[in-house]
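Two complexes are shown next, each including chain A; its partner changes from chain B in the first to chain C in the second.
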Partner chain A sequence: MKELTAFHDAANCKTPEQLNISKKIIGYMCSYVPEELIHAAGFHPMRLFSSKSDIVLAENHLQAYCCSPVRGVLENSLSGRLDFLSGAVFPHTCDSIQRLSDIWRMNNRYEFFWDVVWPAKLNTQSALTYMKDVLIKFRQDLENACGTSISDETLHDSILTYNTIRKKLSRIYELNAQNPGILNACDLLAIVKGTMIMDRDTAAMLLNTIVDQLEKKQPPDKPVKRIIIAGGICDSPDVYTIIEAAGGCVVADDLCTGQRWFKELTDETTDPISALVKRYSQRLPCPAKHNGLTKRGDHLVQLCQTHKADGIVFMLLKFCDPHGFDYPYLKETLDKHHIKSILCELDDQQQNSGQLSTRIETFIHMI
Partner chain B sequence: MSDDQKNNLKIKSAKKMRDLMTTYYLEALTARQNNKKIAWITSGGPVEPLLAMDIIPVYPENHAAMIGASKMGEDLCVKAENMGYSSDLCSYARADISCAVVKGGPLGGLPEPDMLICCNNICGTVLKWYEVQARYYNVPLFILDTPVCHTGYSPAIAKYVETQLGEYIAFLEKICKAPFDYDKMQQVGDLSYDAQMLWQKILETAAHKPSPMSAFDAFFFLALIVTLRGTRIAVDFYQELLEEMTQRINQGIGVVPDEQHRLLWDNLPIWPKLKWLSDKFSSHNACLVADTYTSAWCGTIKYVDKSQFLKSIAEAYTRIYLNIGVDQMADQVMDMIDFYDAKGLIMHSNRSCKPYSFGQMDIMNIVSKKKGIPVLMIEADMVDPRSFSTSQIETRIDAFMEMIKQRS
Partner chain C sequence: MIYAGIDIGSITAKAALIKDNTLVDTLIIRTGYNHLDAGKAVLQTLLEKNNLTRNDVKAIVSTGYGRNSIDFADKALTEIICHAAGAHFISPGIRGVIDVGGQDSKAILINENGQMDNFAMNDKCAAGTGRFLEVMANALDVQLDQLGEYSLKADKPAKISSICTVFAESEVISMIANQEKRENIIAGIHDSAAARVAILASKTHLAAPVMMTGGVAKNQGMRKALEARLGFDLIVGHLAQENGAIGAAVLASRL
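This part shows the complex of A and B:
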């Protein structure tokens, strides 16, 4: 499929010129960023990933016990690799991102900077009211930055674009789960990651074509083990390749670079700000947010059941607190339901080690 | 120095403080028999409404500090790791989580909670930690969400936190099946305010040369302002302690013999190594005259309005040291350097505490540039001794002190 090339290009961090992005670019690194608003302001929201290069300049700002995405993105910024950005936005999630926001602001390299300090709990009325206040303020900030007002109609259009993207991505996951192997694992990752980087209107169009083609495609006639990946950011094509090579297929995920980012749609029928509050508070929670005590465990079990998964691979990033705290409970919940899982700890900087492949291979052969 | 002289240097109130803490923990441990309810609460959480409802507050963080100081931290941290918790997580949380299961630590475990009160003004870790305990004990959890004030306190934040204080009270009324006691709240508020004022004055006595106390003493005397602020006990005790400090100043007694160098400490103490560190700095005639940690329990008193205590604590609890931007933290550090006339800064880069430690390097650069004083950063952990390399840290402290001496 030639459409895939565009996603691979974007996922491989080609420059904005190479990607034909001419709008002002606003970087972000968390799935709680209300991208619809940025898009409606006429900016291009681009998710930032670590380029996995050596940490040199960020060494002077963040200790080695900080997670690799945070150190890696700061390194990219300080080394000038992100000079194409016009600004960045930081929603409040974990402690590490909280401090990255301060350090980023204090090193002041770009035209724009915003903190979108969401509530940490998402299940009370006062939290939702506060969330709405924060969104309204962010909308005003964006209006000041782009110099025009963001009308409800424009915002509504952006919501439609994002809903299209989300529906198409969900459909791709669905088709791949129904016919494991119609997409190879690297392509699946590139599609999601690429969408977060490339122009969103282009993405919506291309995803549509991909879905059409996949609908017609015959799955390879080969038995596979059905695998779910769970964790925070999984930006490692190697992991997907290892799973595939060992006879597994990723049929779903619980990742913020995966279904947690795109699963829920925004209501197109109510006023756009309320609709966004509803979407961002009701979407699958990231562990840095509180939304009940068992939601993540319940969701994971349900995900396994609906996808008839054979096992779960936890990909946790080293030094990631929110996920580290949730892991024992998630594991216990899965054990109770006799769902097999394996824990892999990884660091953006050092990708595929032989040990990682051996672990995953053994797991897949065993289940 | 003779034994008499050494005794003279010791702070007399220390014994009383130990007794008060023992009584406090005994009362907490026997609360059930006395039909009292127990709330576990985070160190930065608003305890005053609990006292107004006659609920006994228990602080897992204070308990974890005791675990660290009594050198039981490694064992409990390892136990948590065996339960699946990564060794990179906060060691207070690790120690507490495993302690709840194995009933370890110096007290054989904390008394079980009837409710959990989590205020995330210090970190996101407590949110996760209290979720773990809420599942384990199956008790109600109240989260007081205090959005980070990166650059200021907005009207939206004020409204949100004030509303939640109302929800907090409703939560307590429901659990206690009794109406909230606003009269008692007023008394508790007054006592809390007075204790914070006294605590601030006590810490400020260290501006005197020689300093009558050091940050190591502050780490020790901190326990009351954390656990018993809002009670008469804390006010009375700190009154006495303040008098003792004033007396020491009048008599010219410094806590470090022949104090020559004044330093500031940043971040939590390294509990299992307190004595070692204190001796080490003393041997260089250096006094850690102040720290950014213990001052957090009086640092926002300027926002408290005694006549409108409940409303005003929304701002006071939200704008504490760890919940503001790194640039504002740097400003506070520099104010302390000036106020205490510190000639060097020791930063504990604490593997356990990310919100405290990330940003330290920027603060270090700002301080070096604007104040021109040397800064030493040592990497360790507040409870887990496995992150403390004695020989390496000793060498670095010695070298740092040489530099300080050459400059003085």
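This part shows the complex of A and C:
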């Protein structure tokens, strides 16, 4: 499929010029950023991923126990590799992102900077009222930055674009789960990652074509073990390749760089700000947020059951405290339901895939 | 018909042959730089030793760190799978395996049918592995195979607090500078490595009877330290180091 090239190009960090992005670019690094508002303001929201280069400059600002994406994004910024950005937005999620936000602001390298200070607990009436105020404030900040007002109609159009992207990505996952192997694992990762980087209107159009082609594609006649990946950020094609080489197929995920980013749609029938509050408060939470004591555990069990998964691979970033704290209860929940799982920790800069492949191959053989 | 297993570890390469579900022979050589050459050499030497040729071998399974380099094997399987199969072949009543090799340590839970139920493996770091002991043996100017003997003579085992191999080596060097008894330092080193392996055993809920395999199983001091941490005795066969290759040969016979 020639459409995949655009996603691979975007995922492999081509420059904005090579990606034909002419708008001002706003970076973000968490799926709790209300991208629809950035898009409606006429900016281009671009997800930032870890650096593939050595971490040198960021060492002066961060403790050794910070996760690799936070260190990597700061390194990219300080070394000038993100000079194409006009600004960045930081949601109030994990401690490391909050501290990165402070360092980022104090280094003052870009035209715009915003914090979107969501509450930690999302399932109370006061949280909803607060979230609405946060979004209204963010909308005003964006309006000041772009020099024009963001009308409800423009915001509604952005919501439609994002809903199209989410529907298409969900359909691609659904088709891959129904016919494991119609997409190779690296293509699946590139599609999701590339969408977070490339022009969203182009992405929506290309995703539509990919869905059309996948609808007609026959899966390879090869039995596979059905695997779900869970965790935070998984930006390593190696992980997907190892799973595939061991006879597995990723049929779903619970990742910030996966289905947590695109799964729920925004209501298109109510006023856009309320609709966004509803989506971001009700979407599947990451461990830095709360909207029910067992919501993630229940979701993982249901995901396994609906996708007839053989097992779950937890891919946690080293030093990611929120996911580390969430893991024991998730493991206990899965054990109660006799769902096999394995925990792997990785670092974005990690090159040694030998031990990881031994673990994953053994796990897939065992389940 | 003969079935062969080849285990390419980070330090040694092992081969095993089985015939009619009975072990024929095993061999250990140094791995060296080239995994494929080591695999060819260990199998060829073992076959010649038993007056056999490659034509007598019906199937080969490779395992270990260099398993994917053995291009003439019929299948490559991880060492965890092979150690479980090898331990169950040697002692069918076994319910767990602790394999401490040159680069990795693993705890494997085996069910009553001999199938692997769960496993845990050390992380990227070398704490609790053969390499950790090798580094310490160098720092203490002791042969690796003498570590066990020394530690059994300890009267007051030292406490090594660092988990990291490099930091632990610095700690050991400080102890040498303070003229701490070598035997006590070595006993402390074994306890430190055993603590890391015991964490893996705890994660997998291992319970006796458990077999210890891998090259480090030959080290009595390490075994004693581990038994003290686990609270039960470990079964160590005379083919502990070759166990992965034996398991690979067993699995080759099932291809």
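Everything below uses one rule, namely that the second predicted complex is superposed on the first by the 365 of 367 C-alpha atoms of A that agree within 3 Å, B and C clash if a C-alpha of one lies under 4 Å from a C-alpha of the other, contacts with A are read in each partner's own complex, and residues count from 1 in each chain.
Please note the rule applied: a contact is a pair of C-beta atoms (placed from the backbone, for glycine too) under 8 Å apart; a residue touches a chain by one contact, two chains touch by 3 or more.
Quantities reported herein were computed from a predicted structural model and do not represent experimental measurements.
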item: Touching partner for A:Leu100 - first (chain B), second (chain C), both, neither; value: first
item: Partner chain(s) touched by A:Gly181 [first = chain B, second = chain C, both, neither]; value: neither
item: First (chain B), second (chain C), both or neither touched by A:Pro16; value: neither
item: First, second, both or neither for A:Tyr327, with chain B first and chain C second; value: first
item: First (chain B), second (chain C), both or neither touched by A:Gly354; value: second
item: Which superposed partner A:His365 touches (first chain B, second chain C, both, neither); value: second
item: Partner chain in contact with A:Cys66 - chain B first, chain C second, else both or neither; value: first
item: Winner by number of chain A residues touched, once chain B and chain C are compared; value: B
item: Which superposed partner A:Lys121 touches (first chain B, second chain C, both, neither); value: first
item: Chain B and chain C footprints on chain A, overlapping residues; value: 345
item: Residues of chain A touching chain B in the complex; value: 60-63, 65-66, 92-96, 98-103, 105-106, 115, 117-121, 124, 126-127, 129-130, 133-134, 137, 287-288, 290, 293-294, 316, 318-319, 321-322, 324-329, 331, 345
item: Chain C-touching residues of chain A, taken from the complex the two chains share; value: 345, 350, 352, 354-355, 358-359, 361-363, 365-366
item: Sites on chain C touched by chain A in the complex; value: 65, 77-81, 104, 115-119, 121, 123-124
item: Touching residues (chain side chain B, partner chain A) in the complex; value: 83-86, 88-90, 93, 120, 123-125, 127-129, 131-132, 134-135, 141, 143, 145, 147-148, 150-151, 154, 156-157, 159-160, 163-164, 167, 325-327, 349, 351, 354-355, 357-362, 365, 379
